[in-house]
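Please go over the structures that come below.
Shared between the two complexes below is chain A, which pairs with chain B and chain C, respectively.
Coming up: the complex of A and B.
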């Protein structure tokens, strides 16, 4: 980082221009992934474009049907209102991230751009079919999260593009996010699940983290839940909930590494998926 | 108070009202600075025109070095020196017990991360790039990573693969009990994980020597090792203690000291080095991983008959303090119980794994996981309450250890057990308790209905100070003089080389001087090797006893000198004078003190009017003996006992654990600073809990897989249980103020108590620590 140039644009367009002006320049948001990689010698950018002063990136805009969340929205912001009421699953995910310091610095855009399988906002974003708005020198484009994230820490964000915001549709009904780690706080997920129950459209959406190279939907489990739930009573039977857990587990493709085993991840995601569903809808007696 | 009627300002200043004595809990002299972030740690060291050092470490676990070419590094602008094994001017090796570790790997690399070269450059980034540019031609060789194999495998070091075998044969080796339980246990490699990274600044001196500012645990032993490798007389290498951000044993061995001094002497410039967190995991020794087999025999009534044990500690590539660690593991293998017969074999071996050495608890920690699991097994086999079984077999004064040593000091084992058990149990987890208080914590994984509670108990024993015939001593210098302000209140200056690693000796030193001399103003001079003799190591729970003892002795010498001065003034025999509450009192005159107090007592301040008093004293603890071939001998000075009761909440489906409470009774001899004792207990519990449920350096095929705080997990505040403690105060005969050490016991039996509680909640045998969620969930899950 010795002698790295630092640009501090005030607008998204200036940020795009700054990226274009210096080949190899990289965006810096909260720095909570970026600086760790610098410390480990894995990242040596010749120039840095710091987003802190770009006010338009740190906004949450609510409409009756959507939320538009600026890329530089922090976890602390996401954990509170208005998202806590409108997207309780996202707020819950934000509250599981790191420590207070990390939640004050780390951003949604950084989580998406890092695209770690353990990124805690990603299961909910994938469950909600979140759309990512990106701006580059040739203009703006919008892609879904599942299109954007192509592999472990790999995305389709071009080096000259800025992720501007994330758009998610409002879904009336309960949402849950559960995360398993080997410590009670500040831990990288070894399995996580987001469950969204839309009581209007009567559908269930499931996003999984840390159990595959990319955040996953569990479509078979979703279809099963749709059938298993008694929508009028908003409840689910014991067998239906158990089957839901099994189908979630069979959707994933976990690995064994120094953090956990594939076997445990699969087991854990089954347990927490079932619990998440049972928290969203009552257990039928 | 005898002098309370005396008149004069000096009486108020130096008289019986001196606060913050031994037994009080004054605040630390460095406390405010530390809390405000103003305390200078060794990583803050700075000097104009200094260079930055960087170590090149082996990427291989085991390799032959065919050639090293420093020229690509030297070609980088700003690089001032590249040093390798051939540049070491003096002894090519170092080591605490025996110098078997190369300063730089010469022909062979024996562990992942072993230093191969060091660079000095004008910028840390340049130094880093230069280290990577050094061309090293390695020929990897098959590493020896299994400690059992090490016993029979061809030697990977000229001094062989066996560091030490400790055989203990006590009583009748063929004795047999009615009830026999057997088990095999494993302990993973824990790291000290101190927050203050290894760092220092070496400054070349005009006399051809070097001044080194560094965070360490034992200045003088560092100095001797550095001087030997530099080929300099010891007095040309001067060490100054820099702010230490934790140690826990991990700073007992030399890390960057010799490299830094070599770079400074070669370049003629000050050189600073700071390890990164990942380098720190390679730069210091760790706690020995252990494999232990145990067989306990007891009578039907529950009296222990015999303990058999075989303990293998993986010492890694170099010796460090392995010999002393295995001695402790073997001596304390049975725990704090009366064991008439014992057959114990402890082995510390060399492998190509990371070197292991001192860490809080030093051998007693590993053994405790074994003996306490065994006691629980035995209780089940006997259908006895586990606490009753422990009470029944608890050591008492005048019992013998399995080493034959008779316990002549305070042995309140039953008292600590009863104290731990007496604390009320915490309320059960309710549906209204916050999610964060449940197993899984912030991950919000458990509803109250998923949670099961368990309770477990463990007891431990460990020695204070150095053992087995080591001449263990500490030195203290004390100067007392009239202050420069108006009332000339006396000022005492304490100079000790005692490394303040957080334990609070800086506070205690002030308390001791106030206690002994009744002087309020006590200043601590910086610790270094220039102004005072060795303090020994800040380890083995020894500094309160040792440096405290030296300082107490220095105070006594000062007191005698002040009494002599008073006697001369009064022209009376010294025997007629007594030191009391900061005054010298004449005891032979029965004067009516009503009007004229003159001549009855004189304040310290007045006695100093004609000059200061200064002395340097050494304190050696009572001699100990080496263990003989049968593992017998009075090897230890004194013993500390502690009991821990753990309460855990656990989610059996996911295998997640939250330790709810640790209740403890700890034998402290006497609490000289009760708040600091509680601080040691809470910190030790954090480390014990950490080892039980999460802390492990994962090493596979000799390679460290998790050298970062991302993956080496330490307990957070949500993992830290409530701690309730009872200090059992039975003064230790022969110890200054009757105080035993207090730093290590909290880290010894707290972890085994947690394991017992998890076994209690799950019914699983769980023989390895740290326990992982999958160990619990796989067997009890859905």
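Coming up: the complex of A and C.
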């Protein structure tokens, strides 16, 4: 068998050109999803465009109002500063992924492009209305995560497009990410929740993972929390927190699979949503 | 670095790519400081497969091929990763260090001795991966506490020891290194 082409571009434009010039070529980032599929015979790439050396894709740029996170930023990069302070929920999510080996290789862009319902960065990205910047042969476009992720492991990323970066707005205030799985390390979530409390605009944003085909917002729970929180004391009463959990549970559309039953997922997300809110704001006495 | 591009690679691709083109069936990898030629490989071969089956380096073990067990841990450009999740041809241009290289340089001799003395080697299948992971964490965080060590080793599975002896071995290395009794 003759060799297939593997491009190791140094820039995004080179990567786009390589994709366009090589029929059937597939993008490879950290390989933590890609290689599992190859190893188990589910993917047989005719050619590969490898992004690991595209320096402009591996960066975290903070402005006063936003963070721009390059698609090839690894979980290890995201778990620490500057995101740990500016986006504690995203950094926390990154630190729960897989193991050190997986966090050293796996990337934000790979998580978005894989679009697994259990993708751990997705609840926070959906909660923050993250924008995805994509570049293809005809130029750039920006779409929201909910526009991009269309179903279980399905996205609107065209075969000739590269996800360049993810843009999220800063929200002053506490954030929390919690997930439920069978043990602490190396867990694919059976339910996950991201809660963002914006103390400036006085709103609460909630993103859910593993409880529907795509990452979800829990809008009713958000509206309820906005009212239930005493914003001056930054606290919430017991009944308010409990109701928040119920509303989150009613927002989801879980399935039963080999990891969990739908009933357990609904129960678990209710518990962790309430806990996440209570970690963000104090319990009112 | 780029190997000759064979005739069946699309001409346009060749022109568009210029730099940084590797052809999947013939390339060179920098393994433990030596350039090793890989010939006749398939694009989908992982670094783990190439190390073991093509280059005769069987230190990294193959157990799960899905990143779950850490028995294939190697250092890629100085960072610990699962070799089963690295496409071998994508490692062209990167520095690969395997347990064989770390052993030959003597960098992990005290880790190996501590594993033996602590009874942390039973069937031994997980040991090379653990040695790489322990080397990695102690190099970055020589005085890492118990929780940090557990976290650093959370990507390595052992079915025999129950981990207690492995953690004991790590503490032993830390004591030796702290007291300067490095060997």
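We adopt the following convention: the second predicted complex is superposed on the first by the 281 of 285 C-alpha atoms of A that agree within 3 Å, B and C clash if a C-alpha of one lies under 4 Å from a C-alpha of the other, contacts with A are read in each partner's own complex, and residues count from 1 in each chain.
One rule holds for everything that comes next: a contact is a pair of C-beta atoms (placed from the backbone, for glycine too) under 8 Å apart; a residue touches a chain by one contact, two chains touch by 3 or more.
Keep in mind that what you see is a predicted model, and the values were worked out from it rather than measured.
Of the two partner chains, neither chain B nor chain C is touched by A:199. Using the contact criterion defined above for the overlaid structures, shared-chain residue A:186 touches chain B and also reaches chain C. Judged by the touch definition given at the top, the superposed model places A:177 against chain B, while chain C stays out of reach. By the touch criterion stated above, A:261 is placed in contact with chain B alone, chain C being left untouched. In the superposed model, A:39 lies in contact with both chain B and chain C.
Contact with neither chain B nor chain C is seen for A:68 once the two complexes are overlaid on the shared chain.
By the touch criterion defined above, A:9 lies against chain C but remains apart from chain B after alignment on the C-alpha atoms of chain A.
In the overlay built on the shared chain, the residue A:253 is in contact with neither chain B nor chain C.
Of the residues of chain A, those at positions 1-2, 36, 39-40, 99, 184-186 touch chain B in one of the two structures and chain C in the other. Against chain A, the residues of chain C that register as touching in their complex are 3, 5-6, 8-10, 12-13, 15-17, 19-26, 42-44, 46, 65-68, 70, 73, 79-82, 84-87, 89-90, 92-93, 133, 136, 151-152, 154-156. Of all residues in chain B, only 123, 125-126, 128, 276-278, 436, 439-445, 447, 450, 653-656, 658, 694, 698, 700, 705-706, 708, 710-711, 713, 715-719, 772-774, 777-778, 781-782 touch chain A in the complex they form. Contacts from chain A toward chain B in the complex involve residues 1-2, 36, 39-41, 92, 95-96, 99, 176-190, 192, 245, 258-261, 263-264, 267-268, 270-272, 275, 279. Chain contact summary for the complex, chain A toward chain C: residues 1-10, 14, 17-18, 20-23, 28, 30-32, 34-36, 38-40, 43-48, 50, 52-53, 76, 98-102, 104-105, 184-186.
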